[in-house]
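Paired with chain B in one complex and with chain C in the other, chain A is shared by the two complexes that follow.
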Partner chain A sequence: MTKHSYANKQWLSGYLFLSPALLFYALFLVFPFCFSLFLSFTEWGGFDLATIRWVGLANYRQLFSAESAFLHPILTNTFTFAFGTVAISFVCSLAVAYMIARLRWEGLWRTLYFLPSVTTVVAIGNIWLYMYSPTNGLVNKALELLGLSKQSFLHDPDLALGSIIVVGGWLGIGSSMLILTAGLKAIPEDYYEAAELEGAGLWKTFVFITFPLLRPSVMFVLITSFIGGLQSFTLTMVMTGTGGPGNATNVAGLEMYNQAFSFGNWGIASAMAFILFACIFIMTMIQMALFRRGGVESYE
Partner chain B sequence: MKKRMALTLLALLTIVMAACSSSGGADSPGTDSGESGSGKTAQKPVTLTLLSHYVGQNEVAFKPYIDQWNSENPDIQIKLTPVDFGELLRTIMTKQTAGQAPDLMHIYTLWGGQLAKNNVLAFAPDDVAADIEANYPASAVAASSIDGRVYGYPTEVQAYGLFYNKKLLQEAGYGGPPKTWDELIEMAQHIERDDGSGMPSVQGFGFLRGYAGKVVQPFMALMATAGGTLLTDDMSAAALDTEAAKRTIDLYAKVYGKDGITDIGFPTQQAFGSGKAAMTIEAGWWAGSLKTLMKDGYADIGAAPLPSPDGLTQGSLAYTWAWSVNAKSKHQEEAWKFLKWFNTQKVKNDMTPQGNFLLEGFNVISTRASDMESETIKRKLEEDPVTKVFADALQYARPEQNPAAAAEIQDALFKQIENMWADKATKEEALAAAQKEIQAKLGK
Partner chain C sequence: MRRRKTPWVSYLIIAAGSVMMIFPFLDMIFSSFKGADEYNRMSYSLLPDSFRWDNYRQAIESLQLGLLFRNSLARTVAVTALVLITSSMAAYALAKLRFRGRGFVFQFIVSTMMIPGFLFFIPNFYLVTHFPLVGGNDLLGNNGYGGLATSMLSLILPFSVSAFGIFLMRQFMMTINDAYIEAARIDGASEFRIFFTLILPMALPALATLAIFEFIGQWNEFIWALIIYSVNPELATLPVGVQMLKDHLDPSLTQPLLMAGLVMTTMPVLIVFIFLQKYYVRGMMNSGLK
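And then the complex of A and B:
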């Protein structure tokens, strides 16, 4: 056997070993991706592949037209939701992770904070729906005790999106806290000992030692939470049904779902998906560039 | 060794691929798997799949009639595929695309245009169409037709009316329900009570809300009392620029929002069931749910025709479901044969299987003429004044219009009404925006 033919056989064997994974990847990722990209240039009702009709850029033109609600308020709501939930969950999870690392029964606290993350979004959404109830919800009862007037949290368009963001942020604390805790544990104790000897207080230690060394974990949490926030729709669906009042809480994921499955506009829904994909891609690139500039190299 | 391993892997892959392709083929219609039959061979029994949203208790009430058919017709067997209402359209969509189209479908006629546009529905044979046109209310026939061609047997035909709580009306000094829109608002204001913190403790009048149909269908029903429809008769244009539409949106603007008589956050549906809301608008089927929920409290519930602007004009909206046959079915003849039996043959209580099932499963009366003439239905209407109000409404109700973009159109009007109630648009702006959006969707 020549060296060349042996290398060829190795190459073939390698790909044969990889083929189940590649087949899975092609079947469930590459093919749906390419098919939905194709659909975004067509009109299709979702029933019969023979009725797919090529319309070129018409779906994209419709979504970018002045009359379309997709860019505003739907995409604006999507970004507000993503930024809002990430901000709440990141700040809270960082504080929680930093503090419980110094407590007794650290595992117990971590489990308690993580519990919402293992509960279904539908259950969480329904619980908060009752808490926000204008007639007998817990939040309104608290407002009443404080002498404030009751609020229709999910029926007032000025409050509705914010109310859902609070739930989304709260829901994200557990998983973010877990990653940040792992990051905190990976920081060598020597740095803290040196800082203590130099007389650094808790705040300075956090700003000059903990946070810089935690940046890879922070970056991971921010990017994944932000992508999750942009793709979210279950919470909005459970808490408002249709993204209402009007379009006040409607987000891209929910609108895509309705366009495809309720109205049979698969072309429009697919075009929305690719616009959202482009947004997520750009935002992730920006986040990575910002972190690289700040000295994080772990994800290059 | 490596060569053998590579060959083994290749063989494994081939088996997996072959298994995938054969499992797909086995369920495809038109094969001899028994799923969808045996071609045109008359001797071989045919199994028809039936997709409906009759699940749980409804399935229990439905199944005996399917069992009866199956025992009497060994050559045409019916196999039930029940799915939740929320999943029904999606299930039809995915099965149709996957080549596993059900032979028989129970569909909401609002989807009729969308399904017809996508070649899902088979039109009824002449004898079936003639029978339907002769034996059902005009609104039900219209709703079960596309461009004047009938595609299915109307089933759960429902009209909208006013539900009211007699006790709350009497406590406020009213002897009966309102007849005009002005009376409705005036009575509701008078009945409304505040809990001291800005929320109603008792609501005079409210909509059930939640999703488009709960707001838009009452809108269309009320607009019918003012002589209007959502779309023109040929469904080619929006008709929200009419006087009837303007009067209806004016009425809606008086319910919620800055000029509203009540708070939009108040849960009317739950409150009505617990005797804390005096009036609302819903279709007749709701009476059955209220009866179960309220038990003895149901004695306080009354129903009346919808109030109208002048107190004289009768109007409502009727929506319906329909038994239909899939255009992709290879056994359409057998499918229509089953539907004819289910909807026209008297099997019990001098009624059709459909008539019996509706009464047993939903406490709803069948609208087929022969069922309506049965002693069972006559007795039911005499004993149950609430059911009678809704049965009478079917005679004058307008059909729910079902162009291909019907669901989108209702959603567009719903969102504009919500914007108005949220004080994000005036009633004129909301109506104009809805008219424009609906027109754009019709022009697609």
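And then the complex of A and C:
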């Protein structure tokens, strides 16, 4: 068998093996992406294609106009949510990953911290809704014990977004912890032994050895969870429905969902989706630039 | 010269933290036994007055839990099976076969991971409800009574291929020695035979990781199931059905049923995770990806 025909044979089987995936991507990814981009330049109530009306950039102009609620508060809420949840989950997961690496029953601790990550957000949101209850919730009970006054967490416009961010951060600890643990395990034991010989304590070892060597994992966790935070809206939907009070907890994904599936404004909803996609795309590009060596190319 | 004294402070912090991680779950479980009147009291209590198992019987009836459970299970199992097949097939081609365009296809698949899922809710909703020649639709997808949303396929097909799955399987298959495959080729085995009898058995650990990942993800998926539910309530899955309980019954009565429903929704996946987490955790840590 010549080399040439051998390669040809693999060409055929290669694409046969890829055919289910490629068919799927054509149908459920390439077509929807283009259709959605097209919709973002139209006005459409859904269902009947004959009623689509081309409006050019009008949707985008409307979303970026001064009186639009989309830039503020919705998009600012989205970034606040992403930033807040990442800050909470990152600090906690770093501390947890660093500490459990030197404890017994490491697997048990890891399971406990990971439980929220495998639980449906519908359950998470409703449990916390109950814990935040103004009358008989656990959180108010705790405040009471500390001598503080009761709060109406999700009805107070000043507290609502922060209250959801706490839940989102709590929820995100598990998966960040796993990635950081993998990073920690990759640090050679020799460094720690040397530090110990020099008499460095837990804190100094962390600052001068662990953290610098962990930087790739840290960057990866920070950026992927920030991107995840920008997209997230299920938790907000379960906890406040439409992002209330007012728009206090509304985020871009939720607004997009409601514009499309509650109000039938498919054009404007698609435009929102692409604006948020642009934000995420920029973040991804930053990630790629920071990981030129650790990014996709290094897997080739 | 192993570690010195026991790190008591770390134990204390980690234990306190894990109480904060699991307390909400305990609150959910205990609350599921409370009576409706206990939710109207002015102060919090962890334990219910008495354990009302009747809440569970009521939740099962008023939620049609049998239907929800069947839908959730059928969808989860079908998607998991499809993803395992499509991912490992594509991964075999990308890892072990040489052909023109391979690098491009791989780059394309990896880059689709950057596109957020919400971008597809709107167009895929149109696509699914206007799918040609199903659910009464004509060749152009019009005039029907729901298209694909008349069947379970609407919950399954949009998730049947996973870029993450292909990536994970490819990473694993790269580590399989080519010599096995070359030997089989020289013996005259076809690529399909090599794939099914040689590669798949070797890839079992990676398949296990992917299976658990997909199982948990699909069992918990909410938004798409909610969208499909809006056109066909018969297809409600557990998370959707339980959440919709809030809309349909008197809120002061639904709290105990809601909590009981959540416990029943959460438990299957927690049990799967606790028993099989070895594969899940190892797979996630090796891939370095969520």
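Keep this in mind: the second predicted complex is superposed on the first by the 263 of 300 C-alpha atoms of A that agree within 3 Å, B and C clash if a C-alpha of one lies under 4 Å from a C-alpha of the other, contacts with A are read in each partner's own complex, and residues count from 1 in each chain.
To be clear about the criterion, contacts are C-beta pairs under 8 Å (C-beta built on N, C-alpha and C of every residue); 3 or more make two chains touch, one makes a residue touch a chain.
Worth saying up front: this structure is predicted, and the values here are computed from it rather than measured.
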{"item": "Side-by-side fit of chain B and chain C on chain A, or clash", "value": "clash"}
{"item": "First, second, both or neither for A:99, with chain B first and chain C second", "value": "second"}
{"item": "First (chain B), second (chain C), both or neither touched by A:218", "value": "neither"}
{"item": "Partner chain in contact with A:45 - chain B first, chain C second, else both or neither", "value": "first"}
{"item": "Which of chain B and chain C A:182 touches, first, second, both or neither", "value": "second"}
{"item": "Which of chain B and chain C A:127 touches, first, second, both or neither", "value": "second"}
{"item": "Touched partner set for A:135, first chain B, second chain C, both or neither", "value": "both"}
{"item": "Partner chain(s) touched by A:13 [first = chain B, second = chain C, both, neither]", "value": "both"}
{"item": "Partner chain in contact with A:256 - chain B first, chain C second, else both or neither", "value": "second"}
{"item": "Comparing the two partners chain B and chain C, which touches a greater set of residues in chain A", "value": "C"}
{"item": "Contacts of A:67 with chain B and chain C, given as first, second, both or neither", "value": "first"}
{"item": "Stretch of chain B, among 61-69, 97-105 or 241-249, that runs into chain C once the two complexes are superposed", "value": "97-105"}
{"item": "Set intersection of chain A contacts, chain C complex versus chain B complex", "value": "10, 13, 17, 20, 46, 133, 135, 261"}
{"item": "Contact set on chain B toward chain A in their complex", "value": "2-3, 5-6, 9-10, 13, 89-90, 92-93, 96-97, 114-115, 117-120, 195, 197-199, 210-212, 263-267, 405, 407-408, 411, 414-416, 418-419, 421-422, 424, 436-437, 440"}
{"item": "Of all residues in chain C, those that touch chain A in their complex", "value": "1, 3, 7, 10-11, 13-14, 17-18, 20-25, 27-28, 31, 39-46, 85-87, 89-90, 92-94, 97-100, 102-103, 105, 107-112, 114-127, 157-158, 160-161, 166, 171, 191-192, 195, 216, 219-220, 222-223, 227, 230, 238-240, 242-243, 255, 258-259, 262, 265-266, 269-270, 273-274, 277, 281, 284-286, 288-290"}
{"item": "Chain C-touching residues of chain A, taken from the complex the two chains share", "value": "7, 10-11, 13-15, 17-18, 20-22, 24-25, 27-29, 31-33, 35-36, 39, 46, 92, 95-96, 99-100, 102-103, 107, 109-116, 118-124, 126-128, 130-131, 133, 135-138, 140-141, 170, 173, 175, 178-179, 181-182, 185, 193, 202, 217, 220, 224, 227-228, 230-231, 233-234, 237-238, 253, 256-257, 260-261, 266, 269-270, 273-274, 276-277, 280-281, 284, 296, 299-300"}
{"item": "Touching residues on chain A, where the partner in the complex is chain B", "value": "9-10, 12-13, 16-17, 19-20, 23, 45-49, 51, 67, 133-135, 144, 149-150, 152-157, 241-242, 244-248, 258, 261-265"}
